[in-house]
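What follows is a group of structures, each given as structure tokens.
Both complexes below contain chain A, partnered by chain B and then by chain C.
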Partner chain A sequence: MIISVVSGKGGTGKTSIAINLALALEEGQFLDCDVEEPNAFLFLKPEITNQMDVQVSIPDIDTVLCSGCGACVKACSFHALAQAGNKILTFENICHGCSACWLVCPQKAIKEGKRSIGFIEKGQVKSLECIQGELNLKEPSAVPIIKKMKTLIDQKKTIIIDGPPGTSCPAVEAIKGSDFCLLVTEPTPFGLHDLKVVVEVVKQQGIPCGLVINRSQGDDQIAEEFAQKENLPILLTIPLEKEIAQLYSKGIPFGKVMPQWQHKFKLLLESIKAGDAS
Partner chain B sequence: MKQLVVLSGKGGTGKTTITGSLAYLAGEEAIMVDCDVDAANLHLLVNYKLENREDFMGGKAIKIDNSRCNSCGLCSQLCRFDVLSVEMFPLKNNQLIPCEGCGVCARFCPKGAMTVQDIKNGQIYTSRSGQRWLVYAELDPGADASGKLVTEVRQRALAIEEKESKPYIIIDGPPGIGCPVIASLTGTDMALLVTEPTISGLHDLERILGLTESFSVKTAVCINRYDINAEISETIEKYCKQSGVEWVKRIPFDETVIKNLKMGQPVIKDETSVAGQIIREMWSQIAKSLVS
Partner chain C sequence: MKIAFSCSGNDLDAMLDPRFGRAANFLIVDEDTLAYKVISNAAISASGGAGIAAAQSILDEGVETLITGNCGPNAFQVLNTAGVKIFTGQSGQIKGLIEDYKKGVFTDSIKEATVQSHSGMGKGL
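This part shows the complex of A and B:
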């Protein structure tokens, strides 16, 4: 079973909740798919056993064979190729690796090349397998890394995915194929606005979901009213507490040192797995 | 005219809260731009009147003419983005399938049955209150091309600037370091990075600082809620000094911030707010840095 933790708005507590859920697992996999700003390993501190490169396709132009005809430039929909006299210039950062240029080249002067855009690390914390991706600086697209991470999923296990913020391509890629989405919000106008969008994305994908209200100060009507309207079960409410914030700041999952919370995360996980949570 | 972008790497550190107050302080002198097109929130704080709303045709889709398609499946073999698969055939006539827009399938379809089309995948809004402007956008849920939309929104702001001639454009950026962040940062004069004293905040700050450095953009840092963990705040400040950051400001944890946010107004309006006072000082420092 794949459970994704998402939020739309950044900084609502996704990582914190995803990690606490993962630690409540007896055995399973944890994927930090926020590859632009991966933080989960700062908390889980797994022993890294494996690192792999993530590569994307780019054109590799043989300047001897190239006649400078410019067919590749015309075929590129992303302006990643340009013609300067008889030479073809490549802008690798904006190349989408679509293959148009090497397919159209009449001289067969372009081969499919590769370049790295980031990497994936694997590690272990007891019987929890931890996987984290990291996008290199200045790279625009996180999607290929998330796709590659998801090929490492072992469907027989329970999998927790820590998703990226937002609702565009990386977030959609992360939650695709999940069996359940845990939505994390904070009871503010910002939190509500972004929750509305993420609920739409999750519904588009047809994934059952439930809500966690984080940093509650006891007046959560704004989130509760929306949840009721959308038939969204509120599965957990976490108060705004200095102790929790301070533990987070030091990189300590609060469930690890606050047994009452460890228990609550175990129950939450069980109810999701039993299908009672949506 | 000078452009300031507010970024953070990590989400939820207080970018929009601070930008909302900057909007209030800069008043008629600045055009505000919300480039967090996945989760645009600034308009909830400034409440300007909507002046114009337009569709953003930034998406691409493939359309198939069934009278020509013979379901040979070549397109699905060629597609590098897993958009088309044999199981989808036969496709509904004239069905639009959102895609990357590379056009490889259309180019090589032996029957010429496919065309690439522009589709709407977001909206751009221009709002104002007198001479105060805010341009923002909303990407359709789950849509692609957030970087393109950011560029488009910034162009709208520049067009207003050209007519009204304002000294500043202030951009509220998205979290992360990917394509919409790069599009928000490109060509700005200064970046204000809002962080928090947590190990995640520090880690993400290091990455976003690497990015602003590589773009040679003048950078200042604001540590929000610095007293949550004074030790990490210390580390952040040291790190900033080593990295050539212009200046660092600290905002303490202040309950008036969340109180005003819940009321939907920028904290700067609350005269009792300590955070508001510091944001005020920060704005005068930003204005100085922008002209130096």
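This part shows the complex of A and C:
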């Protein structure tokens, strides 16, 4: 079973919830798919056993064979190629690796090349397998890394995915194929605004979902009204509490050292797995 | 010699558009006869690579000089490789700019991009 934790708005507490949920697992996998700024390993502190490169395809042009006909430039839907005189210019950051250019080249002057855009690290904390992706600086697309991470999923296990913020391609890629989405929000107008968008995306994918309200100060009406309207069950409410914030700042998952929360995360996980949470 | 102007209109009265890759049109003007041709910028709504595509479209017209407001790094690389002279920081009506050009006002073509990528995408600018 795959459980994804997403929020739309950044900074609502996705990673906190995801790692506490992962620690409540007897055995399973944890994937930090927020590859533009992964931070779950700061809390889980796994021993890294494995690192792998993530590469994407790019055109590799043989300038001797190239006749400068420009067929590749016309074939590129992403404007990653240009022709200046007889010279073909390649813009690797814009290339989507679609292979059109080397397929259309009448001179067979283009072959498929590769370039690295980031890496994936694997580690272990007891019986929890931890996987984290990291996109290199200045790279525009996180999607290939998330795709590669998801090939490492062992469907027989319970998998917790810490998703990226937002609702663009990386977030969609992260939640794709999930059996359940846990939506984390804060009871503020900003939290609600982005929650609305993420609910739309999750529902469009047909994934059952439930809500966690984080940093509650007692009055959660703004989130509760929306939850009621959308038929979203509120599965957990976490108060704005100094002890939780202090533990976070030290890189300690609060569910690990506060027994009452450890218990609540176990119950939450059980109800999701039993299908009672949506 | 052909000069390209980024613009929103479609004749010599048009105002220069300060953006290059996201300009609506390019007016391609023959310096000697003042005959002109309008090409609409297909890259205006491209999801990416607008500067590159726009640069390619004016190169395909045989342009040797570009007069615009700003030029990003990718468009600059394409045009510079093709030997196009680029003059930025301009504004006003195209017919006035042609007169200026003929008077020899434009002497310093740019040697590097004047703005970063995506500057023409209108984030409240």
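Descriptive notes on the structure:
The definition used in the following text is that the second predicted complex is superposed on the first by the 278 of 278 C-alpha atoms of A that agree within 3 Å, B and C clash if a C-alpha of one lies under 4 Å from a C-alpha of the other, contacts with A are read in each partner's own complex, and residues count from 1 in each chain.
Everything that follows uses one rule, which is that a contact is a pair of C-beta atoms (placed from the backbone, for glycine too) under 8 Å apart; a residue touches a chain by one contact, two chains touch by 3 or more.
All values derive from a computational prediction rather than experimental measurement.
Looking at the shared chain after the overlay, A:91 reaches chain C, while chain B stays out of its contact range.
When the shared chain is aligned, no partner comes close enough to touch A:69: not chain B, not chain C. Of the two partner chains placed by superposition, chain B and chain C are both touched by A:78. In the superposed model, more residues of chain A are touched by B than by the other of chain B and chain C.
Once chain A of one complex is fitted onto chain A of the other, the partner contacts of A:1 are absent, as it touches neither chain B nor chain C. Across the superposed pair, chain B and chain C both touch chain A at residues 78, 140.
Those residues of chain C whose C-beta lies close enough to touch chain A in the complex are 43, 46-50, 52-53, 55-56, 59, 74, 77-79, 81-83. Those residues of chain A that touch chain C in the complex are listed here as 73, 78-85, 87, 89, 91, 94, 140. Contacts from chain B toward chain A in the complex involve residues 8-13, 16, 37-41, 44, 78, 80-81, 100-104, 107-108, 116, 138-139, 141-147, 174-182, 196-201, 203-204, 207, 210-211, 214, 228-229, 232, 258, 261-262, 264. For chain A in complex with chain B, the residues that touch the partner chain are 8-12, 15, 36-37, 39, 42, 57, 75, 77-78, 96-100, 103-104, 135, 137-142, 164-172, 186-190, 193-194, 197-198, 200-201, 204-205, 217, 219, 222, 242, 245-246, 248-251.
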